[in-house]
Amino acid sequence: MKTGFIGLGNLGIVIAENLLAAQQPLYVYNRTAAKAQGLIAQGAIVCTSVQELAAQCDVVFSIVSDDAALNHITQGPDGIAAHLKPGGIHIAMSTILPDTAIALEALHRQHGSIYLAAPLMARPEAARARKINFLVSGNQEAIQQVRPLLEQAGAAGIWEFGDTAGAANVAKLSSNYLILTAMEALAEGINLARRSGIDADLWMKMLTSTIFNAPVYASYSQLILKEAFQPAGFSLKLGLKDMNLVLQQAANVQAVMPVGTQVQQLLQESVAGGLGDHDVTAVARTIGALS
Amino acid sequence: MKTGFIGLGNLGIVIAENLLAAQQPLYVYNRTAAKAQGLIAQGAIVCTSVQELAAQCDVVFSIVSDDAALNHITQGPDGIAAHLKPGGIHIAMSTILPDTAIALEALHRQHGSIYLAAPLMARPEAARARKINFLVSGNQEAIQQVRPLLEQAGAAGIWEFGDTAGAANVAKLSSNYLILTAMEALAEGINLARRSGIDADLWMKMLTSTIFNAPVYASYSQLILKEAFQPAGFSLKLGLKDMNLVLQQAANVQAVMPVGTQVQQLLQESVAGGLGDHDVTAVARTIGALS
Amino acid sequence: MKTGFIGLGNLGIVIAENLLAAQQPLYVYNRTAAKAQGLIAQGAIVCTSVQELAAQCDVVFSIVSDDAALNHITQGPDGIAAHLKPGGIHIAMSTILPDTAIALEALHRQHGSIYLAAPLMARPEAARARKINFLVSGNQEAIQQVRPLLEQAGAAGIWEFGDTAGAANVAKLSSNYLILTAMEALAEGINLARRSGIDADLWMKMLTSTIFNAPVYASYSQLILKEAFQPAGFSLKLGLKDMNLVLQQAANVQAVMPVGTQVQQLLQESVAGGLGDHDVTAVARTIGALS
Amino acid sequence: MKTGFIGLGNLGIVIAENLLAAQQPLYVYNRTAAKAQGLIAQGAIVCTSVQELAAQCDVVFSIVSDDAALNHITQGPDGIAAHLKPGGIHIAMSTILPDTAIALEALHRQHGSIYLAAPLMARPEAARARKINFLVSGNQEAIQQVRPLLEQAGAAGIWEFGDTAGAANVAKLSSNYLILTAMEALAEGINLARRSGIDADLWMKMLTSTIFNAPVYASYSQLILKEAFQPAGFSLKLGLKDMNLVLQQAANVQAVMPVGTQVQQLLQESVAGGLGDHDVTAVARTIGALS
């Protein structure tokens, strides 16, 4: 199977390198061409347009910044859907609205190709360590077909959410919701602890070695305690983008999310305050967490 | 050292039994006498008043429902402080305001005895399995003196937060804050997932076996998914009481807690709606989480 | 000037009748034809399509339910923009996003016609009493040209917000934001007063005859106190739609609106709870206001 | 009737002067004696203690900063209750918790005197113009007896809330709740309008001359638009104090107040940010309202 890869951002480039390491011939395209050039030495074949890439591949991975960017590379006369061969598979890894996935799945179907939703859970360093959890949904046969590819891409886990493209996107948004609220709760808790004069590091050590011994709490608490807001592992503006998607989905299905709206407001206040490029944990600064 | 124990609620009785198992002579008192009677067979000596118990013990454990109850058994002519012998130690395990602890520490000091704050983390079943984490603070010498007793009481961990009685209470309140917000975030996330039509059980399985693999998330998600709101492990009205203490402490130290206030409102709405005796996870019902 | 009118909902029909009373020949169109028929006796000429109406008018008023409906009647080969004569004026009275107005203004300009934003403040009974406040923005010359028409439509006040179409829409959304928050604040205040056992009617009488002697407070407090939630003067689902527009605009310009998000959640919870067709004041029921 | 007056803060001094203008002999006491001295020229008789004042008066007005201060001057061997003659009346004008009023009413009853709750609505300049609205509750006969005095004190309106002392305090807290939420809503609305690029002054002029033509909206909108945050008419820290009382009362009666909690958080964030002595409208700065 000829495989293509579109989108060489922080995470995309790591996944592309994982694929290349598995001896794949890999066709790559990136809006900013320079990033693609860097992969030639590892065996990548650089394409100069989405169209050129899609036309010669059986499977196309994509990981771009948001719904608009994914629509841009998929729709229209120059898009993936118009050029992917019949039976070809588009594995879309971006964090987007379920409705966007549903619309793109229908578009691919019209063109005789297949759209799979495959958003993923992993920071770049975890992706490099091949510890990616893929959340997938869509055409069941196609999913079985691409599992080996996902493993080559760095999968530690592949979680199947059924035959509707949007399902995996729901799972991904709901997960990011939990991550962002845990992060904000940590910021508030650490703020309370510090202002009340106790050793917040010891307090967090206690919790993260007992009932909160999960990676999310361990990593975010350290970022907040050390005020390691730059460089951003997960930037505040991306966190805000994700939380806005969460609330848009919540509005669509009439789910009240009182804590979610609160966190969205704090992220928005932080971005308005100039912290957009800091790590998402910099909301601690917005709420006045002392150090 | 003669040891006393006041407060035989759900958790208190388990800790008292742990102590009795260690061959301690144990003097016990409970407002409702019947519960104390049940411990006679295990070697308890039942006292008919706080005063009687305090007068003959070197160390007194207490675990009562709230600040008012602790003040009631500690202050006044019939209280622990007035009757505990010089050098005696009061180990107060209740979840209370730091300011209450500070005031009671001062009161004991006036009487020549010692007050230690020792709130704990453990549901009854964990306490029975001797997996209690004690958060302690106060007189350093006294803490070293009572460590063996805490181990007999079921300590898996003893975390020392310094020489101010209130410090351990801050750590405890901050911990309960994190627990309650994690719980509400789970309820909102599960609601979003379900209303969006995905398999919420699978989604939670994915998260609790990866980045959220912590006991808090594992246990609360199961309670919400199964709607196992009765009998209550941690009742909604107690959750509300704790969150009110958190926000009172936050107001004292001018810590903003936007998510905390949101969770407090939901707990209050739930109690007003008649769910006070249900498990705290029943807030899921208040926000309309479908099943 | 030949004048057209599209959209005969609760408010539209009153404004159309105001115009007819001023001896205008008035071309009318409504998706549901029956409502238009009822105006024939008053001198209306019924058109069978938007295209037919637009083609023969110099000025077209429109008042439809939302952004999508306004886009639908304005864009495309059958829309107002394609058929209104050069120099013709489209007076759009719907409550919509500023960005929608800006896009439609540009579309009209391409076709040589003019788009004016003219959202309005008035419940149907006030419109009938000719007490409408129009908020207008767009082409300055056109605004002066249509002022007499707005007066015939029932204007008590015409407020000009400048030459950008979106400006009047911002003013309208910001106004609805204030109305909806005042309403929710009243519900919470009345709830507090009642649960605390005082005479809430007297309390409101005191306030609305002193520092809160404004129509918004007078009318909404009565609706809440009397639980007059049906029929709806301003339905909960429309209130939710408006608040969602407010927050979408707030996100666009990075304005934090903590109270706004709170009210949006309560409206959403109320709609999810089946109160969508009740008056917006029925949020009082959602928060448990006793009577 | 010999009349006393305790508490010569910004508002107290104006009311005392109103009383003095009515030819009353007026016994005055203030913790900081200098303020009392200033009234001698107008006919005041300065007392050096609460006890001294209470012992020689038939009626004592008090207006002190909070619940603790009112308890301090009323309770104990030196307090008003212990020294006011049988049948004497204590008119307590402070904004306090209903429960505090209920307790003090009982205390006075034990001593054979009468406690009336008489919180008031008026900024100092309005008090000087004799436009005070008194909210009163308690012993009905006593209320009728003191009405002439309240008029001399500057009453434009006297609103009777029944025979329980706490009732008037509920009405007062509920009123301040409405004021503070209206204020925050204005700040958010003005922020949205400005960031969206419209003329916020014109927008507010439109609203305050139509559906929001009430003093609260007129005055607060001007303070926010002009950023006239100093000197404070109603300081942020007092606003926070009042909102904390509101939420304490809400917790007591299980009233959910989602908007109230949000405003409380913003006030708290503002005080933590150093704005405690600014006008309460300075929350506009906290939410980033541009000018």
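First chain written, first letter: the chains are A, B, C and D, and each begins at residue 1.
In this section, a residue touches a chain if its C-beta (ideal position, glycine included) is under 8 Å from a C-beta of that chain, and two chains touch if they have at least 3 such contacts.
Please read all numbers here as calculations on a predicted model, not as lab measurements.
*Asks:* Just grab the chain with the largest centre-to-centre distance to subunit C, centres being mean Cα coordinates.
*Replies:* B
*Asks:* Name whichever of A-D and A-C has more C-beta pairs touching across its two chains.
*Replies:* When the contacts at A-C and A-D are counted, A-C has more.
*Asks:* Suppose each chain is reduced to the average of its Cα coordinates; what separation in Å results between subunit A and subunit C?
*Replies:* Those two chain centres are 39 Å apart.
*Asks:* Which whole number of Å gives the spacing of the CA centres of subunit A and subunit D?
*Replies:* Whole-Å distance between the two chain centres: 53.
*Asks:* Show the residues in subunit C shared as contacts by 2 or more other chains, in ascending order.
*Replies:* 250, 254-258, 262, 265, 269, 272, 287-288
*Asks:* In their shared complex, at which residues does subunit C touch subunit B?
*Replies:* The contact residues of subunit C facing subunit B are 258, 269, 272-273, 287-288.
*Asks:* Would you mind writing out the residues of subunit A in touch with subunit C in their complex?
*Replies:* Where subunit A meets subunit C, its residues are 244, 250-251, 254-258, 261-262, 264-265, 268-269, 271-272.
*Asks:* In the complex, go through subunit A and note every residue touching subunit B.
*Replies:* Interface residues on subunit A, with respect to subunit B: 98, 121, 133, 135, 157, 159, 161-162, 164, 166-167, 170-171, 173-175, 177-179, 181-182, 184-186, 188-189, 191-193, 195-199, 202-203, 206-207, 210-217, 246, 249-250, 252-260, 262-263, 265-266, 287-288.
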